[in-house]
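Next come two complexes, and both contain chain A; in the first it sits with chain B, in the second with chain C.
Coming up: the complex of A and B.
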């Protein structure tokens, strides 16, 4: 799960000219640590939904990598 | 007078007092005709100086590309043009306000997404720009969270509401969530005007923000569930929903998503579309007026009561896509994608998204093996960031209608 999420995160990062990350930590904040703005977060949700069929923002808000993992584990 | 804060900007970490503002205005002897700047204080100073000296000003988004400016027929020489003025000697905020508000015919031009694929200019007068501004001693203590782009109509209206009441402005536009929340408390912000997207991105909220008296929402479809959640954390705030457009400025104030049409000389509904009388419009383009009198807003409404007329907004009649309060014209985006030599055809549309309202998607036909990243980089030099598709699907064909147009659903 973490691997496919890492791939998606890196796609969004690379698209905006940020470096590829080698790993993700559950505690990482999507905005402060991964450098995502609101447009990036929207892109991330669409890409995750495409891969996993789950809209991570559908029921409440996610701030960190572990918040996403929790939504995907449901 | 005590040295009240005019603006605090998190981007530069700088704080400007009203005394500083007056000193800077009193020192200015050369004024630009085009404002194409990044720094918020400099943008505000440029607008106030132009208004004060009655020099017509054109406001440009700082992220307009060189290609976009060329399309508006604005070149480097024009950007560098300056007008010499005699420096004023203004001694107080009251005197400044008094000298600004008499220039009712002063003109300010801004750009908005046009329906043809090219952004169009709209020229407002001071009068049309500040129609919704209320000056009163009741507002003297207001502290504004500034959450809009300063070169767009909503930002200008918040700016004038604050300036003309001598209020403090705290920049929150594009600020990180924790910065916004810190500032609401530390500056005791009383008023915030923002898009539903701005408010959505504040969640999850855990603390109460009792200083806020008024939360205004606009620029996107009203979000009822969001409003209820906001009131849990802003216990002293009143919520209001504003309907405004670049062409006409602030027009109507709703209760929830319901608007009352109280003046039939100014507004009317024809075939479910809201029309606005030309008397409310900025100058600018009059070609789209019907009978030389009425401007079709492109907003479709549902009438829910006859007398007095009450309605709610349904959707856009044209194809404009609302991305977090920014209107994006898919035709403009398609046109720019198709400039790339590897692209044969492009179809741009909005996909509903819970964070931003919509996200821009492009279906692209290309037989030259271009990547999404390459195309995004190409578009970055041509379009403002919010107009660039966030998802690109490479497809083998795009369905056309019988008239040869892209099929839009």
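Coming up: the complex of A and C.
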């Protein structure tokens, strides 16, 4: 799960000119650690929805990598 | 080939927009409340380049399921969205009834807001620098007796479009309103000849707005010819000044 999420995160980062990350940690903050703003998070959401069929922002806030993993585990 | 989602294609302006786009080699995903003979003729002429989606936009969740989950999916990139579908509930304000008002807001306002959400998500997924065009009405800018409620729905779209442009401009997603004048379509069929004459006399050209002019401006706003045009209201209204 973390590997496919890393791939998606890197797609969004590369689209805005940020470097590819080699790994993800559950504690990482999507904004402060991964460098995403609200528009990037929208792109992240739709790319995750395509892969997993889940809209991670459909209910409540998602702040960290571990929040995403929790949504996908449901 | 560019894929464009157009709503309200059964008749009138939506049918004309669809025809214009098909003639200029776009692929159209056309949402219609039902089939018409004219729409079926277009389908027979253009085959796979016209994908008709029969849906009732008043059923917001159901229509989104039909349009995005069942038809467009994740694999079709959308390059443009034309929000054309609308109903007109006309009456003087002292006769206002909630049920038809609510239904008009579902079709004219809530549905296009939700469709725009899914269109933008599609454009993000495919890295598309897309274009959104809302069909507005000159009644937003010039008062007409009986049109307060209808005009307010179009005013909502104009405000929504301007902020869409601001919010998504950095992703090069554009949003504009085409402010149409009164046209000879089913929507104005309830007006008497006398009422129409009074409306047309308020225009510079003294005549109805041509559907063809509106459809061609829609195509311009969708195309790369208008890459610097966003957050605008473009008037095609026989010069209502």
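Criterion: the second predicted complex is superposed on the first by the 74 of 74 C-alpha atoms of A that agree within 3 Å, B and C clash if a C-alpha of one lies under 4 Å from a C-alpha of the other, contacts with A are read in each partner's own complex, and residues count from 1 in each chain.
Criterion: contacts are C-beta pairs under 8 Å (C-beta built on N, C-alpha and C of every residue); 3 or more make two chains touch, one makes a residue touch a chain.
Because the structure is a prediction, the values reported are computed rather than measured.
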Clash or fit: chain B against chain C, after overlaying the two structures on chain A? clash
Counting only touches as set out at the top, which of chain B and chain C does A:15 meet: first, second, both, neither? both
Go through the superposed model and pick first if A:63 touches only chain B, second if only chain C, both, or neither. first
So, A:33: does it touch chain B (first), chain C (second), both, or neither? neither
Winner on chain A touched-residue count between chain B and chain C: chain B
Mind working out whether A:42 is in touch with chain B, chain C, both or neither, as first, second, both or neither? both
Which chain A residues lie in the overlap of the chain B contact set and the chain C contact set? 15, 39, 42-43, 45-47
Which residues, counting only chain C, touch chain A once they are in their complex? 74, 120-122, 124-125, 127, 167-168, 170-171
Can you list the residues on chain B that touch chain A in the complex? 174, 176-178, 197, 200-201, 203-204, 323-324, 351, 353-356, 359, 361, 372-373, 376-377, 385-386, 390-391
Show me the residue ranges of chain A that touch chain C in the complex, using the header's touch definition. 15, 39, 42-43, 45-47, 49-50
Which of the residues in chain A come into contact with chain B in the complex? 14-15, 17, 31-32, 37-39, 41-43, 45-47, 55, 57-58, 60-61, 63
